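There are two complexes below, and they share chain A, which is joined by chain B in the first and by chain C in the second.
This part shows the complex of A and B:
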């Protein structure tokens, strides 16, 4: 058992309102430099949809992540030899057009245009070439809120599993459904970007698991961009270096959550430590598709287990870090309650950002222009009184977004895993509704709890952490103790007299 | 005198500056060591330019290097007429491939607005010097036939004399102008190397063949 600590994340999709505040917080801090204008280390996309960059989930196109070949785990992108051979031209590199060409506007013209018959306009100016752009054909959230979905959303690869009929139904007016998917770097346990980098410039920090690109070592061989199946490493075309989400480590190291977490309006984001068994990484990434979620949960260890604590201490994980893991909201959502799932575990990178899938809007149909109450009876999870038990519990199957779609995104196609999550989420809702609105019979509540494999105590805890968590409950920022860690290679006091005036050009006249 | 400057002073100066600046840059500005790839901005012409250029020029360069390091073996190899034919044809085709590739890359930088946005003056200088060099090389190989053989008796002894610090330019002074131009331009490239993006050839990531897939860096060395 090789216990390591990982600063991990949960995004609760039910709470995401798609406001893009996280994206802007990140953009303003990290990616407003030349060459990074097109990058959104944090982006929010609408699902169904093709996302950013377009079709990032389609690994036949980009060859990201890992695949099992003859029983072995192989990078989908290249073997080592092929990687070096393709170094002069990476055939699977997304280009700027797969993201979008960033632009600004010629605002000056509004002030300086000569007097004329027409209002002056501010033309779009490319931030790459500096030339006017006549047609803006893409943006970072181009198909936001299903904008242009007959063209864009229909290409979503997660729809592949659905029957033609089911796909058609998604376009019916009364069935139209979407949800938001905020994405940052998953800081994977088996990252494709790290493995694909020919220069070995990308690394995982041992203490907290943050994946970083050493800017001094990056040589622009640009394999990481293809190698990451989530397309969360980006190429800075101006500096000739790849860049990615750094989980705001300078903020983390000073006890603050990352900017996107801090600014989240819907308070959907949770940050905490997971203790995991690094010995299991390869095994876990190699299991069959339907077992991936279970395997990933299995490698996350119970921070209260004395054996785990002993192993953690042996690995020099501090008591404060272990305490942080015990208090981690992420541990509760991912392991204890089993509500949060990794995004696309089928990429086999073992992402450490987990999502609580959204409660899908339930089926509603119109009949002769009227809302079909009978048809919808019992299909609404909140349906008061009228809800007969079997109907209530079957509402999941009648959800507007087929459960197969969610399984394609969050459980490598294993419908059972996603169903279990939803049964528990439904149980929480019914339980709390029975408490506050008092329109469910106790038998119905008990049935819901049984279906969700949960109990009153757990449901209360889930409700508490979902609906009412404080800042401190959402962000259990561990003590990364960098000030202590630097002692390994530097004596802190050596620097004490080295700060202030006259430091850049040292004065060496004094001999004492 | 002029020949001495061209074939002794200039090569030594170029190589000295190249080594010194390369080390200095690596030590003090490792961030600047990048291939500065522009594939992200322009993908299509790059394929037809970059791939033939790199493979062509690398193999041709390795040929030059092999003949310089193992002149005896190389001489034995070219002693057979058939082998000499094969070598010359291969070399010429590769040089042609590299030239065509580089012309395409040149055209790409000229014509594509996005590629232009990331092209510096020094990039243009480098492109022109490289184009000149492969062009000259192709020209020399074509008009002064059997270069893979006479190279052994002209440039190789001269370069070896330079390497031994006993410069002897008698091997090269009588050569035609275009051949000399090729030599001098070659040292110009060496001189430019540390100042341009060409440094990326020094950091070709061969270690990818054996390094561990996953890289984990610990702040403190763990004691277990």
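This part shows the complex of A and C:
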């Protein structure tokens, strides 16, 4: 058992209102520099939709992530030999058009325009060429709220699993059913970007698992951009280096959550430490598709187990870090309650950002002023609402967004895993509704709890952390203790005598 | 080297030892530069390529009676540093240059002692040069030029440094001048003698110890005489152009084969595909 600590994340999609505040917070801090205009380390997508960059989930095109070849785990991008052949020309890169051509507006014209018959306008100006862009064709959230759905939503890769009938139904519905998917770097346990980098510039920090690109080692081969199936490394054309989400590690190191977490309006984001067993990484990434989620959950260790704590201490994980792991909301959502699922585990990178899938309405029709789920209440138009509610909230088969679609996103196609999550979420709803609205019979509540394989105590805890969490409960930022971690490769006192504290790079006084 | 450690300076010690050993052995065992002061031997080595004594003009004039024609000072200056004399605008030098097809006499880097012994030899009334070469065979000459046939004294094939018309589209090396225009056309019949003992600094070093046999000399001369008459054929230029185009096409085809399945944009094709499907 090789226990390591990982600062991990949960996004609760039920709470996401798609306001893009997270994206803006991130952009303002990290990617408003020259060369980064098109990057959105944090972006919010509408699902169904093709996302940013367009169709990033389609690895037949982009060749990101891992695949099993003759039982071995191989990069989908290339073998070592083929990587050498492609080293000066990587054939699987998204074009700028697949991201979008970034633009701003000529706001000055609003103030400086000469007097005329019309109101002055602020023309769109390309941030790449500096020329006016009068025909904007795409943006990082072009399919926002299904704006481009006849084209974009229809091409969502996750719809491939659905039958023609289901797709047709969804086409009818797509104007009213959608949800949001905020995405940042998943800081994977088996990152494709790290494996693809020929320069060895990308690394995963030992003490917290944050994946970073060393800017002084990056040689712009851009293999990480292809290697990452989530397309979350970006090439900075001005600096000639690749960049990615750094999980705001400077903020984490000073005890604050990352900016996108902190600014989240819907408070959908949770951050905390997970203890995992690094010995299981390869095995876990190699299991058949339908077992991926279970294997990844199995990798995450119980921070209260004395054996785990002893192994963690042997690996020099501090007591404070272990305490933080015990307190982690992420541990609860992912392992204890089993509600949060990795995004596209089929890419086999073992992402450490987990999503609680959104509850979406079921198929129904209004009949004589009543919201009627098929067969739930028959022809009795004056029956109380509660009669149709259990069916409405529990009929997964009639969910507007087919379970198969969610399974394609969150469980590598394993419908059972997603169903289990939904049954528990439904149990929470019915339980709380019975408490506050009191329109459920105790038998119905008990049935929901049984179906969700949960109990009243757990449901209360889930409700509390979902609906009423405090800042401290959402963000359990561990003390990262960089001053200790840095001693692993550098002697702080040497630096002190050489250059004084506070100088990052050694002063080279002697020239050879 | 981990950060924070002082860079080690020990690396240059073996380098220093190596440099020392090389220098010492070099000094001890180096052959002193051949500084022959024997006038006849010197003339054979340095002058016969272009001059005879009593054998008629080659590239340069026949030197019989030169001691009477020119003053001793002028001759000494000229042989020591012909380039400087030419540059100074000396009228005799200019006249000679014009007379001998504008081929300037090269600076042979001789010492004053050597010049003295050369002058003594020239004034001694000896005759040298003007030997009649055997009949040359241009085909054999070409084989020698391109290296299909080895030189008897193992000299390097001409092609490694020189190019000339008539040896294929790709030509030869470009280190030395292209001999199409700088061979027979420039030196005329004197070229044959030049080949026997090339005096220019680069050629002299290469050929001093591995001279051509008279037969090889004649063959090469025959080949170069043939090759240089016409200059480069237009056909050869076309051949090069064609090779370049074919080569480029082959590379493009290969790249297309290797990278044919590359990603050529995702969003635009997706939109076009969807719109086309919707129209159907």
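Everything that follows uses one rule, which is that the second predicted complex is superposed on the first by the 440 of 512 C-alpha atoms of A that agree within 3 Å, B and C clash if a C-alpha of one lies under 4 Å from a C-alpha of the other, contacts with A are read in each partner's own complex, and residues count from 1 in each chain.
Everything that follows uses one rule, which is that contacts are C-beta pairs under 8 Å (C-beta built on N, C-alpha and C of every residue); 3 or more make two chains touch, one makes a residue touch a chain.
Bear in mind the structure is a predicted one, so any value in this text is a computation, not a measurement.
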**OP:** Determine, under the contact definition given at the top, whether A:130 touches first (chain B), second (chain C), both, or neither.
**Re:** first
**OP:** Please work out whether A:18 is in contact with chain B alone, chain C alone, both, or neither, and reply first, second, both or neither.
**Re:** neither
Original post:
Of the two partner chains, chain B (first) and chain C (second), which one does A:491 touch, if any: first, second, both, or neither?
Top reply: second
Original post:
So, A:154: does it touch chain B (first), chain C (second), both, or neither?
Top reply: second
Subject >> Residue contacts on chain A - larger count, chain B or chain C >> reply: B
**OP:** Would you sort A:55 into first (chain B), second (chain C), both or neither based on which partner it touches?
**Re:** second
Original post:
Thinking of the overlay built on chain A, is A:80 touched by chain B (first), by chain C (second), by both, or by neither?
Top reply: first
Original post:
Which partner does A:89 reach: the first (chain B), the second (chain C), both, or neither?
Top reply: both
Original post:
Who does A:220 touch here: chain B (first), chain C (second), both, or neither?
Top reply: first
**OP:** Considering only touches as defined above, state whether A:479 meets chain B (first), chain C (second), both or neither.
**Re:** neither
Subject >> Intersection of chain A interface sets (partners chain B, chain C) >> reply: 89, 91, 93-95
Subject >> Footprint of chain A on chain C - complex, ascending >> reply: 2-5, 7, 9, 258-259, 261-263, 265-268, 270-271, 274-275, 278
Subject >> Partner chain A, residues of chain B touching it in the complex >> reply: 30-31, 33-43, 46-47, 50-51, 53-55, 113-114, 116-118, 197, 200, 203-209, 211, 213-224
Original post:
Which part of chain A faces chain C closely enough to touch in the complex?
Top reply: 50, 53-55, 58, 61-62, 85-86, 89, 91-95, 97-98, 138, 150-151, 154-155, 489-491, 494-495, 498, 506, 512
Original post:
In the complex formed with chain B, which residues of chain A make contact?
Top reply: 75, 80-81, 83-84, 87-91, 93-96, 128-131, 190-191, 194-195, 198-200, 202-207, 215-222, 225, 235, 237-241, 314-316, 482, 485-486, 488
